[in-house]
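I have a structure I would like to understand better, so I am pasting it below and will then ask my questions one at a time.
Letters A, B, C and D name the chains as they come in the text, with residue numbers starting at 1 for each one.
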Amino acid sequence: MNTTPLAALNHIPPHLHTIADYQKQAQLHLDAATWANLEGAAGDEYSLNNNLRAFADIQLLPRHLNTFAGANTQIQLLGEQYPHPIFLAPVAYQQLFHPQGEIATAQAAAALQAPMILSHLSTTSMSTLNQVSGAAKWFQLYWQGSRKAALDLIFQAQHYAYQAIVLTVDAPHMGIRDRERRAAFQLPAHIRAVYQSSVNTTPLKENQHPLFDGLMQQAATWEDIAWLLQHSPLPILLKGILHPADAQQAYQYGAHGIIVSNHGGRILDTAVSPIQILGTMRKILSHDFPILLDSGIRRGTDIFKALALGASAVLVGRPYIYGLAVAGALGAAHSIKLLKEEFEVTMALMGTSCIKQINSSYIYHQNS
Amino acid sequence: MNTTPLAALNHIPPHLHTIADYQKQAQLHLDAATWANLEGAAGDEYSLNNNLRAFADIQLLPRHLNTFAGANTQIQLLGEQYPHPIFLAPVAYQQLFHPQGEIATAQAAAALQAPMILSHLSTTSMSTLNQVSGAAKWFQLYWQGSRKAALDLIFQAQHYAYQAIVLTVDAPHMGIRDRERRAAFQLPAHIRAVYQSSVNTTPLKENQHPLFDGLMQQAATWEDIAWLLQHSPLPILLKGILHPADAQQAYQYGAHGIIVSNHGGRILDTAVSPIQILGTMRKILSHDFPILLDSGIRRGTDIFKALALGASAVLVGRPYIYGLAVAGALGAAHSIKLLKEEFEVTMALMGTSCIKQINSSYIYHQNS
Amino acid sequence: MNTTPLAALNHIPPHLHTIADYQKQAQLHLDAATWANLEGAAGDEYSLNNNLRAFADIQLLPRHLNTFAGANTQIQLLGEQYPHPIFLAPVAYQQLFHPQGEIATAQAAAALQAPMILSHLSTTSMSTLNQVSGAAKWFQLYWQGSRKAALDLIFQAQHYAYQAIVLTVDAPHMGIRDRERRAAFQLPAHIRAVYQSSVNTTPLKENQHPLFDGLMQQAATWEDIAWLLQHSPLPILLKGILHPADAQQAYQYGAHGIIVSNHGGRILDTAVSPIQILGTMRKILSHDFPILLDSGIRRGTDIFKALALGASAVLVGRPYIYGLAVAGALGAAHSIKLLKEEFEVTMALMGTSCIKQINSSYIYHQNS
Amino acid sequence: MNTTPLAALNHIPPHLHTIADYQKQAQLHLDAATWANLEGAAGDEYSLNNNLRAFADIQLLPRHLNTFAGANTQIQLLGEQYPHPIFLAPVAYQQLFHPQGEIATAQAAAALQAPMILSHLSTTSMSTLNQVSGAAKWFQLYWQGSRKAALDLIFQAQHYAYQAIVLTVDAPHMGIRDRERRAAFQLPAHIRAVYQSSVNTTPLKENQHPLFDGLMQQAATWEDIAWLLQHSPLPILLKGILHPADAQQAYQYGAHGIIVSNHGGRILDTAVSPIQILGTMRKILSHDFPILLDSGIRRGTDIFKALALGASAVLVGRPYIYGLAVAGALGAAHSIKLLKEEFEVTMALMGTSCIKQINSSYIYHQNS
């Protein structure tokens, strides 16, 4: 049905009030296969749906009549101050969604002062992106079998003033995305990841297992992490942590933070939703160890809930990509602005005048 | 579709047996935007829906064979006796729903002996309303940035024999109501709030935050409450309390009561449903401290459940507005009558002959 | 749509395999208003639906490889032996559903050896029914304001060899059945309850409450129960007990048993489902005190679950009325037979060869 | 609608990516009655649906960054090594689904090295099947009233190199399958079970119960099990165990293993789902006692969950029969391959490099 997608707009239509509105609109601007790539997730999409449901099921206990003198949304993270806790999650191949791709996203990030985490699978080089000045930048890395290759990219990122590295550890193998396969999604020929190295796999011997003896031998291990932490000039956060024992281990290995994420449900279906395990993580980790929360944020109240359960900041992915697909930099910026303003109103209505006040006492527990 | 709404009726159609029947009928009498204003709520309307679901999910344990000699539904509240525990919640701009607006509501209140809580955003003045004699009257106040303005209104209310003040504390900022925005609801030019003062905000300096440094600086604080309690000639109840710690604080500051409410789901989406937190509130507060319950009452059994879990009385809002929209004073009175009679039958079927008998032993707990 | 209902059949159509099949078929044989009367329940029908859902949600833990020598479904109750634990619940005005009414039901009861509990609101007299010999008979009584009238009926029942009295205590006021009201159900002029006495109410004085000072003054009290138990030549079971404290009280007053029932959801909406409270009742009452379970039985597995959780026997109502509507005595008998055979197969598949073996160890508990 | 089913294919259509895809496709290749037989289950199919839902509701806690040196999916069971933990469940009358029936299944089993459990109700003899060399074979037995008949079949199975006996104990009576009855399924005349003996029942005397005194007297008892274990040259696993007490008893009688199964929901509706009770079983039984899990596996993640909760291996039934119906041996092999590969990817994404690592610490518990 979606045979001729609408072109991206140069303005914001007046009916876009929420991320859900952007989601509907974005579908009109993308072909069916690209939409399946963006919107789909692994398997039966239980994790995708549960990511949203789990947020909705959390009920808030607002407080009132507090003073708002000096109220703000600032956070401190890894020695930096950020004006608000919304980060742009790394999303691959952004030219799929808009011709301006990562450049448009960087412009939106700058406009909203939302740190952008550039994907390893960017269709735009760091050099090109450097033209856009503005928000803080982090760089996301997939391990591709070589310590040297990883470190080289980190040095490049440092050169271009990226402030931190996000190492994604939950995807040694791609997610099996049924919706994408049913839509026969293929990366178009003209969309290329600038930094993707072809993984250098040794040919398999007889009786060797293509997955276990092949691809999985290229995956990062805790020893690689230790080596990388030792050599990297930039702080490194591990993204995709879901098991409390891995969170503990990341902390003990000296990682600079973790990003609790199930990759938007795109890797392993029925993986727990980050917001459900976040509280456990915060309980076992030091109060000031950075824990960012990714997957499922669609509302300002979701951001509040994540912070209340222990997140230092949150990542949003699909929400700004919807905006990007609808109206490039303008749309991406507007979608982030919607979330930011919803979050500010939430803080006002919850009676919290700064991020440090936000804690689990604002969450309703059925037997409290 | 709803382009030409039906005119309000002068009689009660025979098919209106329940509040749900009134809800359906009311939609026929209002244009789509006004309906969105009345029926919609904040965000995705999780709180709105949960308000209803939470009542439905409570199961009753009736008792039988008790004596009903002298049975009645009277309550004592703030030194007054009321014939039943149903109060009419403050609803703004009632001329939106019927040309007679608050006058019709006051007539219905008088007919059913249900105390009316007049909204600060009334389209009818207290002086005009004074023509309708009848039920007890309370006055609801939004804080609009000035202690003096608040006290002036309280004195006016006292002058017109209002018996108590309901200070709404949960709405320092309007709720973000998606349904209303999608329907492009605008207050029509001829609908005006008699007592709304324009909030006197200082122009923002550079770098100041429009919400935190602007509107939120006009919001009431606990200090304002203390001051108001000291100077008010009328008892003051705080409306919109949801956090047990705020309930405790209200009590300690000397408030005369609280109204547990999430504003019918209209302010902050996913705010807990009052009926879910009521039991906790009653446990931590003195047995005779007035706690009224607002949001979600649609049935006589709901009223019983609220009382069983600790409410001193209940507020109903949309139910009587449906009636108002359908048939003015007649419709509002009939809708209240339906609730009142359902509640009486519930008391009979639960084996409780007076309000004091109603307690949590009549509620089923899964592991009891 | 249901303007000309089909006539009742003289045979069993081959597609009727379950009570649900009978339910669908029965609707074709009744006019819409009568269907609303039969199928509808109080209010929003939460209790009606929950009665079914609560059974479905109970999961079974079958055992295997037991010996079935001498297996049977016999029960002992009030000194009598019954071949199986299925009783026919009292249902009013059975000529509404089939011209033969209670006579057809009695024939079905006899054929299946299922004790029939004749409704106080029978359209057939005990004298007429006496022509049908067969199953054990109990008589159900509504209290209608007079001890003498009640006792007179009990003596009549004794005269016609009824073995026990079922006194319904949960309906001092009729249920408010929205579906029935919407369908404008009226008892047809030719359908009359043989034993209904007009309740003799004193005219209300001014200021008296029509419900509390009127109808409720005619309702039975525990003192009436004590008096009746003292004078009745037949054992008396109280029907409609849902509160464990009432169960305890019934036992202490010397009632001969109780029937845990929410009247098929027809009296008080959101009243707890009997199967949910049954286990609690059995825990606080002596092992051999008769507790019958009514409301929600549609399957042989439901009967097993009721017995496992402590029921001495079960009552079925709508299931046999569906059969009655479809094909008179034949249909009623067949519907009971379906339940009976499903129950026998359930016993076989659960590895229980007699009723006494059935207990709560056959029920799955989530944290067991 | 399904009047002329498509013929089975000789190739795999490119759109079949999951078992759910095969399920949809298979329906096109079977007539409506056969589809009802394959897809339907007992009663209202609560157990069937819950089997799937219960797996979906289990959330995973993946770990990352582990080493995958020497990773594999091998298991040890009853002294044998198997390359992976997927067994083909016994399914009766396989010629119903494809002309090649059990032969095609055996070919698929051989291709995927998945042990095949041949059904007692096979339409192909062991002798004929012997032509297909390949995977390990087990033989499934229904008790048909005679110890000698059972032992004879076991000796035959031994002769044809079957390695174990699966004795099904949960079906002394067939399940009452409403969907099948509504579709009027009948075994076609040309489909015959090679090994089915007509059960030799004594004619019932008067007053004897057809089920309890008839069929149930032919059912196996624990004494029969003891006798069979004593005389059988092959290890015997009891299939259909759901009650922990039966699991304990099987262990004490010396059974060589159990298969936790509710027969795919086909015997007793609302019987607990195996995955829900598995953890309890493993807790009370020795760590190395074989417990296989049957019923509800549709995904690689389901296999992982079963192993994590204590299963030694899993059985899949409908999934490969869908494949068989679509494209004979080719389709069955492909459907098993899909499951196997999904399971391997799951292991990779869960960070587990061998089966022994998989345990309940990988499962999310709401209050952990």
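The working rule: contacts are C-beta pairs under 8 Å (C-beta built on N, C-alpha and C of every residue); 3 or more make two chains touch, one makes a residue touch a chain.
What you see is a predicted model; the values in this text were computed from it and never measured.
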Which chain lies the greatest distance away from chain C when centres are computed from Cα atoms alone? A
Same or different: at the chain C/chain D interface, is the fraction of residue numbers used by both copies above or below half? different
Between chain A and chain C, the Cα-mean centres are separated in Å by 59
If you average the CA atoms of chain A and of chain D, how far apart do the two points sit, in angstrom? 41
Where does chain B touch two or more other chains at once, residue-wise? none
Graph class of chain-chain contacts, one of line, ring, star, complete, other: ring
Hey, which residues of chain C end up touching chain B in the complex? 43-44, 46, 50, 169-173, 175-176, 178, 181-182, 209, 211-213, 215-217, 219-222, 224-225, 238, 240-246, 267-273, 276-277, 280
Considering only the defined contacts, which chain B positions touch chain C in the complex? 15, 17-18, 20, 56, 58-69, 71-72, 299, 301, 342, 344-346, 348-350, 353, 361-362, 364, 366, 368
